[in-house]
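A, B, C, D and E label the chains in the order they appear, each numbered from 1.
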Amino acid sequence: MLSNITIYHYLLLAFILFMTGLCGVVVSKNVIKILISIEFMLTGVNINFTAFGLYCKNLAFDGYIFALFCIAIGAVELAIALYIFYAMYREKQTSEIEDYGDV
Amino acid sequence: MVKDLFNIFMPYIALVLAIIFQTIFGMLRLHSLVFKYKDINIVISNTISLISIVAAIFFTLAASNNYAGLNYSIIMTPAIKALSVLVLIVGLITVLLNTNLLRENRQSSYKYHVLLLTSLLGAILAISANDFLTLFVSLEALSFSLYFLIALPKGYTSKEAGFKYLITNAVSVSFFLFGVSCILGLTSSLNFSEIAHILQSEHNGIIYTAASIMIMIGLLMKLAIFPFANWVIDVYNGCETSVLNFLSTVPKIVVIGVIIRLLSGAASYSVELNTIILLLGLMTAFWANIYALKENNVKKIMACSSAANAGYMIIVLSVFSAFAASAVIFYLICYTFINMGIFSYLNLIEQDYKNITLDKLSSNTSIPISISFVICVLGLAGLPVASGFAGKIFLLYSMLQSGLVFLPVMLLLLLLFVIALYYYIKLIRGIIPQNTNITKGVYPQNPFIEPVLCMMAIITFILGVMPFSLAARCLLFF
Amino acid sequence: MTQALVFYPTALIIMVFSIIAILSKKIVYSLICAILVFMASGVIFYVLGAEYNAVIQLTIYGLAVPVLLAMAIMFTDVKNEKRAIITGARRYIILTSVVLIIMALVYLVAIGVNITPEHTFSPANTNLNHFRIFDAITDGFFSTYLAAFELFSLLLLAVVAGVSDNAK
Amino acid sequence: MFDFSNILSLPVLVFMPLVFGIIIVLPFFPNNDITIRRFAKGCIVFQLIYSLLFWIFYDKGFISVYSLDWIKTLGIKFGFVMDELALVVSILTTVIFTFAAVMSKLHIKHGHKYYYALLLFFETTILGIFNAADIFTFFLFWELELVPAYFLIGYWGEGSNAKKSAMKFILYTFIGSLFMLVGLIMLHYFNFLSSGSMNGQIDMYNLDKVGTNLQILISVLLLIGFGVKLPVVPIHTWLPDAHTDAATPVSMILAGVLLKTGGYAIIRFNLQVLPEAFQIIAPILAILALINIIYTALVAYAQVDIKRIVAYSSISNMGLILLGICSMNIIGLTGSIFHIVAHGIITAGLFVICGIILLRCRERDINKLGGIAANMPRLFGFATVIILASIGLPSLAGFIGEVITITGALASDLSNTMKLTALLALPVLIVSSCYMLKFLHQGFFGAQGECNPSADIANHEFLVLIAIVVILLILGCFPASLINIIQNLNIIDGAVAW
Amino acid sequence: MSEFFRDNIVWIILYPLWVFLLIGAARLFAVRMSKKLLTSITLLGSSFGIIFAGGTLVNTIQGGASEILFTFIKVQNFLLQIGISIDTLSAVYLLLLFIISFFIQLYSSSYMRQEPKYYRFFAYLNLFNFSMGLLLVSPNLFQMYLGWELVGLVSYLLVGFQYINPLKSIASVKVFIINRIGDTAFLAGILSLIYIMWTYSSAQFVTLDFSDFNLISSVAYAHTNNVTYFILCLLLFFGAMVKSAQFPFHTWLQDAMNAPTPISALIHSATMVAAGVFLTIKLLPLFTLSREVLIFIVILGMFTALFCSLCAICQDNVKSVLAYSTSANLGLMLAAVGYGNIDLAVVFLIVHGFIKAALFLSYGMINNEYCDKRQIELSPSFIVGAFALSGLAFAGLNCKELFYDTFSQNVFLTIEFMLVTFMCAVYIFRLCCKYPFTKLNRFHFVEQISVWSFLLIVIAATFFINGSQLGFPFWAAFAGAITAFVITIKSKDSLLGSVTRICKEGFFIDRFYSRNIYSIYGKIANLVNKIETFISNNKILFKIAKYLVKTAWRIEKYIFELPVSFCILCTRFASKELEIAQTRNIQTYIAYGALIIGIIFTAVMLTYSFIINTLGGIG
């Protein structure tokens, strides 16, 4: 049983990674760690997509394509986040998320 | 392909051309080479954007109804057309109102236009997208540009608002993607039509509902639906009004349009999903209305109102029927115009005050302006003469049509309208001039604001008094 | 069997290091762990037959993103995190996540015992022809997902425009 | 020969005040208080004359219709219709607005332009309610009336917390009207299901195929809306506050006309459209009406604020009107409509008196008032007549309404509850005389109180009061003049025919 | 000729109304009008009234007449008409009304000459004439109710005439409200009767004409059980009871004594209060069918007579004594009506009216409210009236004898009647003994005319009424008079100085009225006084009413305002909580969001699976 790797193994892995990412978003104190956690969530999603891309009956490999877009967009999102974070940082000189709650 | 071009892509191409032109123009700083006048770059880029948006509106209207392109990944129906035009109109108005924003950021005027046009492009593409990938990318285009637009004004608060919007969106998009991946696994397809076709023939288990809910979370977070609604207050508060005008309407139009399509196709076969959406809508409306009661800051009140209105629409959408969809679209149209009116008034005030509280609302005493504002607020409150009244009647009627089961929901909805009335009246009360010294701002006024506001009030009034033509049109959509 | 031999260590790396990345107090450690997780997921992609995804994952998440993050850490002079006090709803969300993960594990074990053909996803093509996959992907990019693809490029342009001016 | 009835047009009747109101607000209009006041007064008097023309050219079976497509897909029209009931209440409206406009002279001290514009707008909305032919037209005006009412109460109020009261009024009414809206929509929809055609006209509804339970549901939903306006006891608490805090002319309108819209609507909808359901609800409603009558009369006695006393007496009288409607026969209905008119005039008169006292004495606490009779004998005379009318003395209008109403309830065939209710409602004659005479003798009698009223009534107040007294006397001595008009009403035939 | 009077009596009844309106309009528009003119037009009305009523009386001896003037209300089968109907009774009563009115108006012109509100007073007098006329000539019960209410109104207005005095104004309110109770019951009775007739009679319209009353009563009696019929009759009789100041409601007459004395004479002793007797006579066809009602009327009347006489003995105030006496005598009249002797009741009504009016007037003549007088004095005419009232002489004597004859069949009634006669003499002569007599001056000339006219009428009536003999009532009255003397002398406050002293020295009297007997008398007086104060303060009623009002107000404040305050509280609480949730930290938002959506999801899924498992699916 364990030697036979099915799609469920991948899905479980993806789910665990996603949940870990979610927990990370919620508990992290540092902005950068939050961003990393978001990337974890996206990675989990990507594993899901790739697994489905391989394992389901879709011959167009939509899952792969979707995963590619996800990777790219995730990176862009991270870049924007860092940009805005840096702009904020210049005002406040702190990287703790708790300190960014003035509005 | 040529036919495709004319039927679907011409609006996009108009916008894309404008984006490219703006980028080149701005990045190379051509304006400073050609013109010496300080504000001329703002004028030029405004003009280009306006022309492109008007062209896009024109092309959208000219496109044929009912067309699908790119292997059914993009489609065009009358409803989509209407919503696209609505989005473009919001873009147009936003461009007209941007003086305050750009005055402080003269250098980044082109940046503003590129981002605005990109988000418009993303928005209209998202409305007509027929598969999840296109939808995902266009939604991201919309929100990425919005991150920048929110963070664009100088100062810390706008940055924080942008950052919060970003984090919320990133998490919600992750949920959305997870859901989409599950749907992909279940149906082996990303295309809405195919998914609907497959789901009709297959049994839907808990995984399906969970996946749909995750997709919905991704979408509803943009609407500020209850458990994910708190961001809306912080973000609106830190947002500049012309951007807010955009933020409070465009994502709403897009997401409602998408949800209508999803529910009418793929996801309408799950009672659980509809129930959850209904519950979320009700909770949102309660949360927003109650939160707004004690609020004194107009932007925060508008944030709550925005969430509450999204809640009403979601409630009606959950009892999905063709009539309900038409009613929601009608309501959405009314709401958009009202919202634009209100934010243009706030824009007028924001010239003088950064933090708009209720007692500062009356700083401008011009009578037609005040009356226009009052008409718009009446529209939000759903009192007659303004379009919100007709919209609410349509919403309720569609609930009734879906069966007597929804009578309690209808009554709850009514209760919500009443609670909402309380803070809308506070707004109206705020507009009545007190005996305070009126301090006019140092800046020259944006000449577009007052005409825009009056126009919105007139539209609201006309839609309120004679809703029939538009309503009839909306009924034909489905 | 070879799949299993690759899968389990990689999965273990992903799980362990992702948790370490979240729990570690030093932000640099988190970054390193994150890099490990991203790379390991690249391996997973490879195992799943998506070489292109794997390559892109490794280049973007393995190189570009860590560099970006490292620069951000450098620029922002990040201090080590104080001990996280997890309160309120956050505590419950962690609890729920853990419970959900355990439930999923149990579910998998239960299913793994009685996997029936109907419930099993099988690979779409047993003989994976990598060129065929490549064809399919490019075909998708330039026919069905053309709009998305183009829009993505415009998105990049907009982001560049957005970032360019003020990030001195 | 020129036929005068050709100039009678319902849209003109309804919208004329609005047009005048807009003219006042327009920027070119002189911003002179006196000019504005005279112009507005002229408009309202003109409106009165115009509405009286409808009465003069009234002949039996007279129905004037005006209709325009509004929302075609739902069969909703924008239409007006005037039958005898609408005629009677419309004239009541114009009369009371005339009184209110005349009384505004001393009571309104700021914001003349907007005050008079809103007053005219208010008149339009109320006339719209009374003459609406279509349920959505009706609802439109019903909601619209909140806007001027809110501002008139809140911004020209005499009380210290006028704005709060206005808000309370708005919220109560709005809650009610939303329930009503559900009811109306259901009515419309089930009419469509039952008759197969979308139709919004009030007199065309046909719910034969709709189950009784559903009809009751609709009827109850509508009643919640109307009950707030009427008001029925558990949901009446907005009324004393609003009436107390509003300026006197506004109080006159509120009590004289606005409450009557509730009674009117119950007759129009619950009785005319949903008679079967109302047949079942009526006995229960009659008990509520009884509570209304007796309970609020008792509460009125506990009040010390003169305007509150009058406000509670209004509730009590509205209960009587409700009782008459509940009896579901010609006598009761005639009594109700008669009492609608009579009480409208009486309560306007009472508020005029309160207003004059407030203005002269700057005191509204009944314990601190006193001795007005000695200083203002003319006011005292009028007050005596109006108060006597309000406690139902024969030869004045109030008595006729009360007697016919109670007789109608007694003659009701619905159930024995109604008869018992009718007899139990009679003690209101005693209780009402208690609180009203308390008002009279504490306010007017006795040695001179703390306040020192300086002057007797002014000329314009005199005119209003004499008009009120004359109307009360005419209605009280020759009630047949009004009853004969009401008798021709079609609803009444319907009520018997079911 | 007499037909002319009969047919035009309606103008005579309407004339006072016009005068009233004329005065009102004149005052309203501040037109000056001389007092003489005013008095003369008023007197003109009354004098013509006397002529017409007399003429009509002559005519009606041959038979009555009735005529419908106009339809007041006509809704479906609810028909109320205003008309005029004259029979002997009403003609006699009208005559009484106009005669007394005439002289009292004359009297008032002198009495009220210092009153600044002279015009108003005369306007009210005219209004009274009109409303009383309306009541008397009413062809149906409903019109009678109209008049009934109107006379009540006039009474109220006149009691509160000196409203500057807060005590008087409160008294007027009390008078009105107690009258109102009776009126309401009366109205309830009328409406019930209408309802019964609608249900059971074949007639299309129920007008409640007095001419139809035989039919009406038979129908009503046939279709109701005994209790219902009794209650119905009682409701109707209630009106009469209150108006005639019978036992539990007699207190309003005391309050009514706050009115100017001419009014006490006109309204509160001679005419209006006797309307109850008039109504009872009119409704007798209804009452006779039920023995219980008649018994009730007799018992009530006799009891009131006894009770009020007892009360009167204890009073010191002349007007109060007279008021109690009025109640007592009206009780006697009602008892007579209940006993079936209508003629006696009517005769006594007239005689008593004149006597009482004369008594009041002669008291008021001296003790004018407008003169500042410290001490109460009486005029000689008062003693003449006292003789008549007590039954020692003149028409009073005749009536008492007739009463004795009527009641002689029943021992209890006879005894009671004797007691009443005895006490009547006691209280009236006690007054005569207590207060000194005074000389009249020329200012009282006009007043004297009125008083002596009344007394002359009474004296003249002696010769027209049968039964002038010195029977038991005379002796009872005589004994009463003696007792009064003795009591007055015994008590030290006597003002008849010399006589008092002589009697005091006579030891046999001292012995006779030993301390014990005297204290018994004192105790009874105290007891009666207690009951009286208890009733007159309306303690129970007041307490109940107060409690009701308080409770209602509390409900109003605490319960019906509850939704509002509850909403406010809830909203406050909720918005506070929401404020806490709005932490401004984006992580908490996400955390709460994820948690809540998880809970909702789980709950909904569980609910639906439960529904599907238990109900086997929805569709």
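Going forward, a contact is a pair of C-beta atoms (placed from the backbone, for glycine too) under 8 Å apart; a residue touches a chain by one contact, two chains touch by 3 or more.
Everything numeric here is computed off the predicted structure, so don't read it as measured data.
Q: Count the smallest number of chain-to-chain hops linking subunit A with subunit E, moving only between touching chains.
A: The fewest steps needed to get from subunit A to subunit E is 1.
Q: Keeping to the contact definition above, tell me which chains border both subunit B and subunit E.
A: A, C, D
Q: Which one chain sits nearest the middle, judging by mean Cα positions?
A: D
Q: Taking each chain's centre as the mean of its CA atoms, which one is most distant from subunit D?
A: Centre of mass proxy via C-alpha means gives C as farthest from subunit D.
Q: In terms of CA centroid distance, which chain is the most far removed from subunit B?
A: Measuring from the centre of subunit B, the most distant chain centre belongs to E.
Q: Across the interfaces B-D and D-E, which one involves more C-beta pairs in contact?
A: It is D-E, judged by the count of C-beta pairs in contact.
Q: Nearest whole angstrom, what separates the Cα centre of subunit C from the Cα centre of subunit E?
A: Roughly 100 Å separates the two chain centres.
Q: When the centre of a chain is set as the mean of its C-alpha atoms, what distance in Å lies between subunit A and subunit C?
A: It comes to 6 Å between the two C-alpha centres.
Q: Using CA atom averages as chain centres, what separation in Å is found between subunit B and subunit C?
A: Using C-alpha averages as centres, the distance is 32 Å.
Q: What whole-Å value do you get for the distance between subunit A and subunit D if each is reduced to the mean of its CA atoms?
A: Centre-to-centre distance between subunit A and subunit D: 66 Å.
Q: Multi-chain contacts in subunit B: which residues touch at least two other chains?
A: If we look for residues of subunit B contacting two or more partner chains, we find 133, 136-137, 140, 144, 147-148, 163-164, 167, 171, 185, 234.
Q: Hunt down the residues of subunit E that sit against at least two other chains at once, touch-wise.
A: Within subunit E, the residues that touch at least two other chains are 583-584, 586-588, 590-592, 594-595.
Q: Could you tell me which residues belong to subunit A and also touch two or more other chains?
A: Counting only residues that touch two or more other chains, subunit A contributes 7, 21-22, 25-28, 34, 51-53, 55-58, 62, 65, 69, 73, 76, 80, 85, 87, 101-103.
Q: Which chain pairs here would you call touching?
A: Pairwise, the chains that meet the contact rule are A-B, A-C, A-E, B-C, B-D, B-E, C-E, D-E.
Q: Under the stated contact criterion, what part of subunit B meets subunit E in this complex?
A: Against subunit E, subunit B makes touches at 163-164, 167-168, 171, 206, 209-210, 213, 217, 221, 226-228, 230-231, 233-234, 271-272, 275-276, 279-280, 287, 290-291, 293-294, 419.
Q: Write out the stretch or stretches of subunit A touching subunit C in their complex.
A: 1-10, 12-13, 15-17, 19-24, 26-30, 32-33, 35-37, 39-40, 43, 46-47, 50-62, 64-65, 67-69, 71-73, 75-76, 78-80, 82-83, 85-87, 89, 95-96
Q: Provide the residue numbers of subunit E that touch subunit C in the complex, in ascending order.
A: 587-588, 591-592, 594-595, 598
Q: Please give the residue numbers of subunit B that touch subunit C in the complex, ascending.
A: Listed in rising order, the residues are 12, 16, 19, 23, 26-27, 70-71, 73-74, 107-108, 110-111, 114-115, 118, 121-122, 125, 129, 131, 133-134, 136-138, 140-141, 144-145, 147-148, 185.
Q: Note which residues of subunit E are touching subunit A in the complex, please.
A: 583-587, 590-591, 594
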